[in-house]
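Paired with chain B in one complex and with chain C in the other, chain A is shared by the two complexes that follow.
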Partner chain A sequence: MRSLFRNGNLAIVLIVVVALILPALLSSGYQLRMVSIIWVFALLAMGFNLLYGITGQISMAQQAFFAIGAYGFAMLQAKLGWSPFVALPVAVVIVACVAAVIGLPLLRLRTHYLAMATLAFSLMMVGLTNRWVDFTGGSAGIQIRTITVGDWSMSRAELYYTLVIVAAIGLVIHNFIISGHLGRAMQAVRDDETGAESLGVNVTAVKLRVFVLAAVYAAVGGIGYGLISRQVNPSFGEFPVIVSLLTIAVVGGLGTRFGPVIGAIVVVLAPQALARFGEFETLIYGLCLGVFLIFLPNGLSGVMERLGARMLRPSSAPGRRSVTKNIVEGGAR
Partner chain B sequence: MNAVTRNIGEGAPLLEVRNGTKRFGGLVAVNDVSFSVRGGEVVGLIGPNGAGKSTLFNLVTGVAQLSAGEIFFDGKSITGLPLHGRPSIGMSRTFQIVRLFPGMTVLQNVLMGFHPQLPDGLLRTLLGLRHSLREERRVTEKAMELLEFVGMEDLADEKIGELPYGKQRLVEIARAMAIEPRILLLDEPAAGLNGTETANLGAMLRVLNERGVTVLIVEHDIDFMMGLCDQIVVLDHGVKIAEGRPSEVQSNEKVIEAYLGRRGGNAEN
Partner chain C sequence: MDKFSVLLFSGLTNGSVYGLVGLSLSLIYGANRVINFAQGEFVMIGTMSAILFMATYNLPLPVALVLTLGVVLAMALALEFAVYLPLRKRDAPPLTIMIGTMAFAITTMGVALLIWGPNQLSVPNILPMEPMTVGPLITNWQQLAIISSFVAFLGLTWFILYRTSFGLAIRATGVDPKVALLMGIRSDRIVRFAFLFSATVSGLAGVLIGPLLGGQISIGLALTVKGFMAAILGGLGSPFAAAAGGLAIGVAEAMIAGYGNSLYAEPIIFLIILMVLFVRPYGLLGDFEAARR
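Our next item is the complex of A and B:
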């Protein structure tokens, strides 16, 4: 069990501690909403990181699963009167099933063909949520009530703490996969499918499982976003979400353990910091993104790994495992 | 030398190709070829360029599908067995051009060879977490032993791209051995290696063979093959033209005409 606490798990503990203290330092409900959204996007990005960063399968359907999760959660409550505690797991299972069904034919495709096919699926979902007004509530969406048990109802702060815990569990699983044999098999699929297959990796099964897992991460994130927004509407599945997701991937660093969290923090908070530039906000945001793409292809995680490596082991070029350990130790100082 | 010290031709066939045929449209790349590899043997597959060696090798390893005929491993037909089902029955291979995973370290590449032995899927891994972690430690130790065997334990954390080609070939062989194969299928293992590296490779394969691994090799390097193999199968234009001990094959007229003669002539000129 000791190895569970090595390899960056100390960093997870630090992240959780900071995240749990954070609300005490915030002054407004708006700020609490912002930091809550960080964890939603972190969850979404973890799934995408496993799928694209590690396994190399690009999907443009993550925001669709994000939306389906939230819609399922809302509709099971609104239409069937289910308790949120039943609606939540059932919504996640529904998303997993949808992902498995569409993944089976789509994952035969590779690279940009896969991207286009998954994009087509998510455009269909956007159309469906907008136009099928009787069923989905159209562009107005559906309300999601605050979770209530007896006299107690979940406050915004409690929702935030719950999101932090869920995201932390998500991150532990995400990192556990990346650092063990499952992550190795996924990287093997990314690097060379025939090579992986000839070593006994069932490539189709690996791709499908990761696709479903990524959809589950997205669904959990979507439900969290629904609870924060107290509603779900077609914008959950629209383009800005996938753009944010891709930006998180670029800024945080693809295929790294902490990229999704670092990326989510930056992508949610940067527009707030850039707001003072007024009409130049988008321009500066775009420029920064360009700088990242050109000069920091491995994102902020990549930078931190290199800094950590330089600080602690100046002469050698350590492997990924030892580098991550270095960051953790560096961070603990 | 091996042929003298060990009993060749007594074991049951471990791998057997019966009437293997592969057509690409109108072209018959491999035409009704039958041969077998007995347990404990080192069998070489040779022939001039375009003889169909690689195609036959791909049929045996399962990368390509037979047009006709059948392949047996340990008495069971493996003709339709998917590629990913082969390591777990004890078949392991290397590729003509080294095929490692560039995004991983040397150690991680070797660890991939243990994949069939590790728990499959996230749920199974998490449910048996202690077992999974213990297995991971066990195979890591074994992988380090294999790296020691090929003399690369110091390079375990290096990225693949930073290694010279000869070292990459050794990583591939260590990875193939991680499968704990009953048969090792090598596709031109000496290609791209220099003289010393080739000699080392030959010595290494001999050690593995003495430890009980059966070997099937496709190779261009005739000297390498003559020193290493117990049996040699010669292909020309997709047809088997000779089979036997290296010395027999070497003096076979058909072989000399098809291959050795032409090659020898070039070397003298």
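Our next item is the complex of A and C:
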């Protein structure tokens, strides 16, 4: 349990405190919506970070799980009349099952093949949501009612606080996994699958667990996004979502603890600033992404870590180290 | 029979374009293990440049073609020098470079948006589009031009790869870049050739397919995805397998749309690709790639 309260948890407390005070400083419902979306994307990005940043398995199906989660949540309520408190966990479980079913055969694939197979899966899903109008409501989507219990119904501010708490729990789990035994196994899989296997890591089990976990993060994010938008439609699973997700991963820093949150803040707020540039928006977006990739490969959180490390210990800056390499080098010494 | 031949030719036409994008992707992948997410944008720029030079400036066809080629080649060099080389120098893994090419694709779309705007423009066709009959088959000149340029590029690629010493160097790099380097092959030149040749193939495909797809700056992404699917279905390791994959996707798409359900043609195609990957993880013809692992 001690590792739960070790390094970095002060930062989580800080993030949560700032996040909880924030609504008091905002003036409009639009701004509240924006900051709510930050936490949705942070959740989505945490799953992706575990999967790609730490385990090295790229998935382009995250936006599909995002959409399936939201659709499941909406349809269980609209079609079966379930209460949202039942629909939410069931939708998450459905996504976990779907991820396990497609993950088991797909995770045999590596790198680009995995990326393309997962992309094929998500394009198929988007195609279905767009076309199967009777079941999914087509491009208009399905309404999601605000959560209501008796006379009380959840306001936008209450939804925001809920999202902050969910995202904070998500972040604690995310960081706990990275620093724990599973995290080491994941990094070993990323650096060298054969090496990891020879050290006793069950590569398939690790990959599948992380794949399902990432899908669950995406589903929770998707349900949050559905509640904010008060509806779900096929755009939840479309390409812009995965582009935003990749941008968050790159800008925040791949394989870092706070990258997903930092990246989500930048990626949700930057288009607001860029909107002033009108037609130049897409161009600037692309250029910024490229500049980050080339000049700040560890993202903003890499910059912060380096600054922090320089203040604490002037001599050594912590970088991402290869676990298997450490072990192999240690053995050789 | 009429319906069949119309479907067959429209399938072969689209399939040729998917195949050419797949071939481009596979050539670059063979040289440096990078997937170029901007490949479809080369097709888009080919189409849009054709509009610019042929319709807006009214230049004669040969001049317009040369200028279009110049634009896509300049774009390929920009991709290499602005994205690929800096990332390679910093030892970025291939998937990070793929995200870099995605950034390049977004930038290209941003530039294209400034030049051409978001609306669909009509593309001047080089060849007549009136239907004509060849024996029992119904087609038109534009379709025949696309299909024959597909065959021509396939032949040219085969000739370069298997009948020249430069092609031998390309194949050696594909098998093992390090050993190829030790044998005195300049892998950076191979990579540059792959980028330039792929840009030429995709750009010309863009000029030809433009009248059929319509000139819109958003067509690039869909073509990139279809090109990938082609390369993955056939097998990334060989340009010819990738091209065959493209043809298969194009024809299957047209047939499912014509005889089955036109609404669900696209999801069904993706489902089939997914199923193929379950059974054959390195593509239908991907034994070469599988053996190398």
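Details
Here, the second predicted complex is superposed on the first by the 313 of 333 C-alpha atoms of A that agree within 3 Å, B and C clash if a C-alpha of one lies under 4 Å from a C-alpha of the other, contacts with A are read in each partner's own complex, and residues count from 1 in each chain.
Everything below uses one rule, namely that a contact is a pair of C-beta atoms (placed from the backbone, for glycine too) under 8 Å apart; a residue touches a chain by one contact, two chains touch by 3 or more.
Since the model is a prediction, treat every value here as computed from it, not as a measurement.
With both structures placed on the common chain, the touch criterion links A:Q231 to neither chain B nor chain C. By the touch criterion stated above, A:T162 is placed in contact with neither chain B nor chain C.
Of the two partner chains placed by the overlay, only chain C lies in contact with A:T111; chain B stays clear of it. Contact with neither chain B nor chain C is seen for A:Q31 once the two complexes are overlaid on the shared chain. Of the two partner chains, neither chain B nor chain C is touched by A:Q143.
Here chain A touches chain C in the complex through residues 52, 58, 105-106, 108-109, 111-113, 115-117, 119-121, 123-124, 127-128, 131, 239, 243, 246, 250, 254, 279-287, 289-290, 293-294, 297, going by the rule given at the top. Residues of chain C touching chain A in their complex: 29, 35, 82-83, 86-87, 90, 92, 94-96, 98-100, 102-111, 113-114, 221, 225, 228-229, 232, 236, 263-264, 266-267, 270-271, 273-274, 277-278, 281-282. Chain B makes touch with chain A in their complex at residues 61-63, 82-88, 93, 95, 99-105, 107-108, 111-116, 118-122, 125-126, 130, 132-133, 136-137, 139, 156-159, 175, 179. Chain contact summary for the complex, chain A toward chain B: residues 1, 3-4, 173, 176-177, 180-182, 184-185, 187-188, 190-192, 194-203, 205, 209, 213, 255, 317-322.
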